[in-house]
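Across the two complexes that follow, subunit A remains constant while its partner is subunit B and subsequently subunit C.
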Partner chain A sequence: MSTLKTTLTGYTGYRGREGHYAFLLHRITGLGTVLFLVIHIIDIALVYLSPKGFLDVVALYQTTLFGIGEIALVFCVFFHGINGLRIAYFDMFKPANWSIETERNSTRITLIATLILWLPATFFMARNILIHNYGLFGG
Partner chain B sequence: MTATSEQIRRVKVRPNYDHVAWKWMRYSALLLIPLVWFHVILQDVIVGVHTMDLDYVAQRWANIGWRVYDALLLGFAMAHGMNGVRQVANDFIKGERARTIMSWALFIFWLAITAIGAAALIGGVRQDFPLN
Partner chain C sequence: MEIRLRVFRFQPEKDQRPRYDVFTIETDPTERILDLLEYVRGDVDGSLAFRRSCAHGVCGSDAMRINGRNLLACKVLVKDLGTSEITVEPLLGLRVIKDLIVDMGPFLEHYKSVMPYFINDDIPADGKEFLQSPEQRARFDDTTKCIMCAACTTSCPSFWSNTEYVGPAAIVNAHRFIFDSRDTGAAKRLEVLNEQFGVWRCRTAFNCTEACPREIKITQAIAEVKQVLTSGKLE
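Take a look at the complex of A and B:
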C-alpha cells in the first residue's frame, strides 16, 4: 500500500511541467490503447467464434458514445506514437540532448504535430457520426 | 583532466531481460508507426465503422496480404503494449516475488489474447452461420 502511495504522489506531486506531462500522457495513452486493443482483438475474433455476436458489437461501435471514444482513441494513438518517436530518438541517437530545455521544446512540437494529424481525423469521424446517426449532411 | 577520462575502463555487461525489453520497446515502436497508423486511418477515418460488417472483413481477409498485415499488427502491437503494462506495473509493485508473479500473469494473458486473435486470422469469417 505504501509503494502505491509513493508512486501516485510522485506522479502528481512532481512539478516537471512539459516533460512531466509528456510522461504522464504517454502512460495514459499507452494504457488506453492497450485496453482497447485487448477488447478489439476479441471483438474481431468474433467473426470466427460467433458471427452473430460480431454484428451486435459493430452495432455498439456505431453508437455516438462509442464514436466519441473512437475520437479519443485516435488521439491516443497519434500522441503516443509521436511522443514515442521523440523518446526513441533522444535515447538512441542524441542521449546528450536530454535536458529540461530540449524536453520542453520537443514536447511542444510533439503536441502540435499530434493536433495537426488529429484535428482533420476528428473532422471526418465526427462527420460520419452526424451523417449516420443524425441524418445530417444528406445522410 | 582529460587524462582521467581516458583511463576509464570499459566493461562489457551482459544485457539482462530489462535491457533487451528497453531496446525492444524502441525498435518495435518504429515498426508500429506505419502499421498502427495506417490501420487506424484506413479503418476509422477512411472506411469508418458505419460500413463494417462480416462481408467487409471477409473481403479483406480474402487477400492473404492483409492477413499477414493483421498478423504483424497482432504480434507487435500486443507484445509492445503488454510489455508496456509490465513496465508500469513495476512502478507500483516492489519485491522480487510479487514482480515474478505479475510478469507471469501478464505473459499468460498475452498468450491467451494473441491465440484468440491468431485463431480468427487462420479460421477466417464463418459466413455460413445462419444470420438472423
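Take a look at the complex of A and C:
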C-alpha cells in the first residue's frame, strides 16, 4: 500500500477518538487558512500590478459564494488558533495534561470555544450578505 | 448471538489485491475476538493467518484493527464492540505479509535505534549494584509497561505518512531509559530523538495513547522527551 493510500485510509477510516478528529480538523483548518493567505497575498499584489484587476477581485469577494467562504475562514482561524494554543500549552508547560480524560475534555472545550467565538461572527457576516446581496433587513 | 465477522485477506503469492471474507458465527457476547479468529482458523478456513501467543494481553502479538481501531484481539470481547458486525484488519502502515500478519521489521528497527537497553559502564559505589530511590524508580514506571504490540505506532498519522518516523513505541522505550537515574546513555538517545524523524514528528493526535492496551500515557512521555530536548535539563 502506498504511503498516500495508507495516510488517507488512516485519516478517513481509523476510528480514533476526539484527538484524531481534532488532528484532522487542525490540518483542514490550517490548509484553509494557508489557502486564504495565498489568495490574499495575490489580491493585494494586484493593487500594484493591476489596479483594475484589484477592483474586480474586491467585487468578487462581495459575492455570496466568497461571503460563505469567509465565514468558513473565520472558523478555520479560530479553531486552528485555539487548538494550536492548547497543544502548545500542554506540550511545552503541562505534559501531564496529556491524559485521556484531560485530552478529551480539552478538545471538546476547544470546539465549544471556537463555536462561541465563531457563531456571533457568522451572524454578522451572514447578515451583511443578506443585506448587501439580497436587499433583506432594509438593505 | 450471531455475528458477521469480516476478515481482511491477502496472500501475496496468489492474490492480486486484498479482499474481505465474511464468516457468520454463532457466539457468546463474552467471547474474545481472538476466540472468533481461532474458530475460523480451526473449523472453517485453516489458511487464515494471524499472530497470537499468550492470548492474555501480555505478549502483544495479536494487535490488529478491530472495527477501525487498534486493539489486542485477546483483550476485546464481542460485547465490548456493541455491534454484531465486526471487521478485522491488519495494522496500518506496515507491509502485509499475509492476512492479518504484518512485517514488524521497520517497527523493530526504530525500536533498536533508540538503544533500548541499560547503558552504564561505571562501577557501582558499593561495588555491587546501582541504588535507586522509590521516587527515582517511579519517574519512568509508566513507560516500563510497553509490550511492543505496535498498536500505538501504527495508529499514528505521522507514521502513516512516513514510516521513517521513529514512532511512539520507540520513544516510550527511550523514555524508559532516559529518565532512569542509573542509566548514562540519555544523551545518545536524545540525539536520535532530536533528528528530523525523531520526536518532533509527533503531532499530538493522541491515537497512540488511546490505542495502548497497557494504558501508558504515551503522548505525555513524548512531551516529556520534547521538554528535555528544549530545556536541556533532565528532571
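The working rule: the second predicted complex is superposed on the first by the 138 of 139 C-alpha atoms of A that agree within 3 Å, B and C clash if a C-alpha of one lies under 4 Å from a C-alpha of the other, contacts with A are read in each partner's own complex, and residues count from 1 in each chain.
Assume a residue touches a chain if its C-beta (ideal position, glycine included) is under 8 Å from a C-beta of that chain, and two chains touch if they have at least 3 such contacts.
The structure presented is a predicted model; accordingly, all values stated were derived computationally and were not measured.
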Inset, instruction - Between subunit B and subunit C, point out the one touching more subunit A residues. - result: B
Inset, instruction - Give one of first, second, both or neither to describe whether A:55 is in contact with subunit B, with subunit C, with both, or with none. - result: first
Inset, instruction - Considering only touches as defined above, state whether A:13 meets subunit B (first), subunit C (second), both or neither. - result: second
Inset, instruction - Once the structures are superposed on A, label A:65 by its partner contacts, choosing first (subunit B), second (subunit C), both or neither. - result: neither
Inset, instruction - Quick one: classify A:99 as touching subunit B (first), subunit C (second), both or neither. - result: second
Legend entry - First (subunit B), second (subunit C), both or neither touched by A:23: second
Inset, instruction - Based on the superposed arrangement, let me know which partner A:41 touches: subunit B (first), subunit C (second), both, or neither? - result: first
Inset, instruction - Using the touch definition from the top, say if A:3 reaches subunit B (first), subunit C (second), both or neither. - result: both
Inset, instruction - Could you tell me if A:91 is touching subunit B, subunit C, both of them or neither one (first, second, both, neither)? - result: both
Inset, instruction - Could you list which residues of subunit A make contact with subunit B in one structure and with subunit C in the other? - result: 3, 7, 87, 91-92
Legend entry - Touch list for subunit A against partner subunit B, complex: 3-4, 7, 27, 30-31, 33-34, 37-38, 41-42, 44-52, 54-55, 58, 61-62, 66-67, 70, 73-74, 77-78, 81, 84-85, 87-88, 91-92, 121, 124-125, 128, 131-132
Inset, instruction - Report the residues of subunit C in contact with subunit A in the complex, numbered from low to high. - result: 65, 67-69, 92-93, 95-96, 155, 157, 160-163, 203-207, 209-210, 217, 219-220, 223-224, 226-227, 230
Inset, instruction - Spell out the part of subunit B that touches subunit A in their complex, as residue ranges. - result: 26, 29-30, 32-33, 36-37, 40-41, 44-46, 48-50, 52-54, 57-58, 74, 77-78, 81-82, 84-85, 88, 91-94, 113-114, 116-117, 119-120, 123-127, 129, 131
Legend entry - Residues of subunit A defined as touching subunit C within the complex: 1, 3, 6-7, 9-11, 13-20, 22-23, 87, 90-92, 95-100, 103
